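What follows is a set of notes on a single structure, which appears directly below.
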Amino acid sequence: MNASSNARPAGRPSGRAADQLRTVSLQPGAARHAEGSCLIRMGNTEVLCTASVEGKVPPFLRGQGQGWVTAEYGMLPRATHTRGDREAARGKQSGRTQEIQRLIGRSLRAVTDLKAMGEMSVILDCDVLSADGGTRCASITGAWVALHLAFRHCMKMNVIGTMPLKDQVAAVSCGIWQGTPVLDLDYAEDSKAETDANFVMTGRGGIVEVQGTAEGEPFSEAELIGLLGLARQGTAELFRQQRTACGLG
Amino acid sequence: MNASSNARPAGRPSGRAADQLRTVSLQPGAARHAEGSCLIRMGNTEVLCTASVEGKVPPFLRGQGQGWVTAEYGMLPRATHTRGDREAARGKQSGRTQEIQRLIGRSLRAVTDLKAMGEMSVILDCDVLSADGGTRCASITGAWVALHLAFRHCMKMNVIGTMPLKDQVAAVSCGIWQGTPVLDLDYAEDSKAETDANFVMTGRGGIVEVQGTAEGEPFSEAELIGLLGLARQGTAELFRQQRTACGLG
Amino acid sequence: MNASSNARPAGRPSGRAADQLRTVSLQPGAARHAEGSCLIRMGNTEVLCTASVEGKVPPFLRGQGQGWVTAEYGMLPRATHTRGDREAARGKQSGRTQEIQRLIGRSLRAVTDLKAMGEMSVILDCDVLSADGGTRCASITGAWVALHLAFRHCMKMNVIGTMPLKDQVAAVSCGIWQGTPVLDLDYAEDSKAETDANFVMTGRGGIVEVQGTAEGEPFSEAELIGLLGLARQGTAELFRQQRTACGLG
Amino acid sequence: MNASSNARPAGRPSGRAADQLRTVSLQPGAARHAEGSCLIRMGNTEVLCTASVEGKVPPFLRGQGQGWVTAEYGMLPRATHTRGDREAARGKQSGRTQEIQRLIGRSLRAVTDLKAMGEMSVILDCDVLSADGGTRCASITGAWVALHLAFRHCMKMNVIGTMPLKDQVAAVSCGIWQGTPVLDLDYAEDSKAETDANFVMTGRGGIVEVQGTAEGEPFSEAELIGLLGLARQGTAELFRQQRTACGLG
Amino acid sequence: MNASSNARPAGRPSGRAADQLRTVSLQPGAARHAEGSCLIRMGNTEVLCTASVEGKVPPFLRGQGQGWVTAEYGMLPRATHTRGDREAARGKQSGRTQEIQRLIGRSLRAVTDLKAMGEMSVILDCDVLSADGGTRCASITGAWVALHLAFRHCMKMNVIGTMPLKDQVAAVSCGIWQGTPVLDLDYAEDSKAETDANFVMTGRGGIVEVQGTAEGEPFSEAELIGLLGLARQGTAELFRQQRTACGLG
Amino acid sequence: MNASSNARPAGRPSGRAADQLRTVSLQPGAARHAEGSCLIRMGNTEVLCTASVEGKVPPFLRGQGQGWVTAEYGMLPRATHTRGDREAARGKQSGRTQEIQRLIGRSLRAVTDLKAMGEMSVILDCDVLSADGGTRCASITGAWVALHLAFRHCMKMNVIGTMPLKDQVAAVSCGIWQGTPVLDLDYAEDSKAETDANFVMTGRGGIVEVQGTAEGEPFSEAELIGLLGLARQGTAELFRQQRTACGLG
């Protein structure tokens, strides 16, 4: 996938083939203190994902014998070309931040057997150290590794008996660039694409979440299906790298 | 559409056919003071949409000779079965609220020629008086009517020369109920559906936004396409009613 | 009252006689989900009042065997001529909002036997859909109907044994218009009146709260008494309409 | 007034006659830096009032050639029997605080010729050092002295040409204690009184604001008039002391 | 100390000798309701310190059989030459305020045997009524008196058996004025000094906290030692006055 | 310095000699987008420092022809052993955070010629990726490198003519461990040290800031001087590494 492919070249700004991912790297254990962690790089996008285990659940779940997985997302002020406000200094998280962290949480819960966790929580912190497009998708892909490692840690500590993850989950953004669907938009591509769609998919090929937005002209059903095909191809590679990072066959 | 159809009945909780919308009504001019307004009812969901015109644009657009359309969303505390916190009293809008109002704004901008507006803004307020599922979709559908009426008011006042709306936009939620795609989920259906997808579509058949979420099992490409087909059918009826509400052919 | 009267006409902006209320309507049960509700219209002022029952009391009352009644007040952003900020978006309620909701709560508690409620709370939400003066008074009058209906619901459910409402309560604003006391100011009158006074009165003729403010020149004792007389006349009509709305003799 | 009177003793907790004020003292110039200031003591209630002059008006008044007078109110955390939260630490002012500071501002504006001020503002800060009932009334009475001194300072500096104060304003609370109207409630009396009413009056005998609240049983017109009479008597003494504090005949 | 000394005069703005404190006064019991209180004046700086006893500890200390001492700091808006924002109105405490209140709390805990307190808390409120430099140091010195008196009150009430204060603590600021170390900077001196250092010291001569900041040029070890010597001299006098205020030998 | 020294070993938890720094590394240019950046590691403490240049100054400096340098500090939630709250989610920065960022800003301004900058600002963001004690000191040391690089960038761009940095600045914490002064505390040492002192020093040997706090027993002048000596030794090594990181002789 990362090598060139036989797809018709799109003349994308990045020079990549239409179905070519950026260089991906997943570094497990990147955070010293967390029960599970992963530093994911997708090209120049870099997100530190940590999984923190807590021995309790939120009030609305107490006494129900099940666990909870949630996420928080942040971006260092100078992760971007021009410095952004520090949300802690401004005193609130933006709508975009909240939207992203809700998506990450939902995506990871979709592949987690909450009953198998017992009454404990895992908080996934996804902090963007460097941003070049696709930070929400990279967060999901990296958070799965952090979560997997945290659950393995809990199993080793005999806190849980079986792995609560039922499947892998990964995400990638696709877009329409000058009429052609292309995979894994970087920032320069994203800001000029006609349509931007994020796909969250499972290892077994199901769709967990699809969010497609026409930036300019509305898109068609055929285009949506084209984007979905690219996402399927891209996440296949991400699933392979997740397994490698976790030392799974 | 509102009459029974020949689709195979899904045994949905609402007793509606799989491709049957709830009773829809669009009441233009429902708010005395607003430049444009519409009270939309989709079954027991009821949203008051107002369009307020302001003679300036946000700072990031100043001096660029174009306009802006944005939205705010709220829900009366007792619009729901059990009373929700008043966001003004809690001191912040929830992530869900922000996500919805960003979606409404994006959807309406997708069919607006911002250049044709000149330097003015329209704020769309969508306030849910009664909630029974599908409030964000109803907000988009009703807000289009409010926006259309507000622009007509501006044309009558000679503030703008041509109608900046390039197309209609409407939205509907679909879901998978016991394996069958069904149209226009009410609250009871939504809380039990396996998948919930919101489609924002244009009068000419394009997709402006798709947001599909697997609540339980991931969904497949075929299911996504099935849901899209229902949405196309449902929005066709909504477009017809929008035109009637605005007195358009 | 609503018909013309033999009071000397004041030449008020509204054309009403000095002692003439606006057209009043009280629509019980206007909110589908609430235990009690009432949509009150006083001319073009329109407030949706809901009563929500909760099976607990605030911390400062726990274990004392008594109940609590409190109120929250809000205004849709475009209830007014020019759009107001959404308080939820600004992140706090204005001083005016807090002042009004404290007044509504106090007024309803004044006619409620909190002991007879047992340890439960009722939250009265008064949301202004359309504003044309007198919204705090309309809120009190409408909230009494919502509260009465909610208590009746609790009695039917055998949650409480006797009706905790000891009396009716209603409110009306009066003012001095070009030297003459007039009843039930609308927005145009209120903004030009020399004095504005809100009277909260009980069905048996007692005063629960009086708030009189000189907008221009201070007022005299005689003027205060004149305004009180009008308020007594106006609330008499409101009490009659409250009883009708609740199906009371 | 401060000496005993021939009113029928009410057996009030304070042992004072029904129409007897607490010991009053007004210390002008109590704050070193302020343009005008006054430390007012009413019995054990102690409020430091300062008037700060600023050479600009709020945005809504700019360019209209008139001034503005506004107020802020606060209470030291241990001004009361049990320590209250520090509002700055909690991050917001209570509804009570906002209600009081709005009342103080309105009351002082009622006797100020804003046009005569030109485009400048005076901010009145009323900070309660010790609380024993009647802090809002003491604030108004003391703030008038601070404002008068600040205006005199501005006249001496040739910033304004004529004294913008048209009249004196002072306030006192009255209540019904075991069926008898009594003047100037202290905390112990206030917490047990049946009715509590604050009267803001002018030197020429007009009423600027009346706020009467039934704490238990509603009150009657006759009682309201009785309370007003006491207030007139009490403010007469306060006006005398204000003039002395300002060195006026 | 307060009389002139034989130190070489520094030509300080205040005209004081280099090692001369401002006039100090400590008025115990200045707040009617607090368990302990002290109004401290250092020249024109005036801080009201109150100690409020609460029968519980913060959550992180529960069940550990020890007490807690903490502090809050505030400044009246017009304590200063030009009016400052009211922190309660702005909705948050400044970084400076938080820094100061953390310092006050740490300083007092340094001389308190928390075990000897049992599970109770003392909150020290230090509110600046008039500011002329050195408010954080005056707060510490005055708070010690308030805390001592509060503990004595608790001993009299048999809430605690022995005095938990192990030593005295007091603070003073020193600075370098035109090359010469000087004691107890007032505002005019502080704003022009090259270096500003606050020393918190104990009755037995130990250092609890030192905070030295170069405002202009960095300072040397010799200068730091010179400032420390002055602080030792200044706090000796403050310790004497604390003992007098508390009626200790 | 990093090699063993001939100081008497203190038996410190880290096994280091009393005067031994942790392994230090300064990685310039660690952030892709910032005008200057440095990733500093002191043992397991890791802070990403970025310098962002903006072409304007804060309002209080406008039109004075000088620049400004300020700092913000943050910590990733899982930089620590147990996860801390995300300050952006909580809605405010802690007192500790504000205290630290004020210190960083002051320290860097102490060696900057603000006049030489012209009207521009540099914001230093110091974000702790991994925390093991000494994060505020590491932030200052790393921020100097980021600032130096940013100024060099501005010189290359001809935005400024001369290097505004007058000197180097670096910081290190020292403490008293079982009676012996030791250099560069890690978290385990810091939490048990009797005294903790942070020294901010300049390349020419001056003291910019000293903050010493007795955690248990007060400390003496001799101990303060001992700590200062260690700090001088430690910062000498840090200055050497800063120069290397910046490619300075």
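Per-chain residue numbering starts at 1, and chain names A, B, C, D, E and F are given in the order in which the chains are listed.
Operating definition for what follows: contacts are C-beta pairs under 8 Å (C-beta built on N, C-alpha and C of every residue); 3 or more make two chains touch, one makes a residue touch a chain.
Owing to the predicted nature of the structure, the values given are computational and were not obtained by experimental measurement.
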Target subunit C, source subunit A, minimum contact steps: 2
Contacts common to subunit B and subunit C (chain labels): none
Same or different residue numbers at the subunit E/subunit F copy interface, by half rule: same
Distance between the centres, which are taken as Cα means, of subunit E and subunit B, whole angstrom: 60
Whole-Å gap between the CA centroids of subunit D and subunit F: 52
Distance from the mean Cα position of subunit D to that of subunit C, given in whole angstrom: 28
Interface hub residues of subunit B, defined as touching at least two other chains: 91-92
Going round from subunit A, first to subunit F: chain order: A, F, E, D, C, B
In the complex with subunit D, residue positions of subunit C that touch it: 92, 94-96, 98-99, 101-102, 106, 110, 197, 201-202, 204-214, 217-221, 224-225, 228
Footprint of subunit A on subunit F - complex, ascending: 31-34, 37, 44, 48, 50, 52, 54, 72, 74, 76-81, 83, 86-93, 97, 123, 125, 127, 129-130
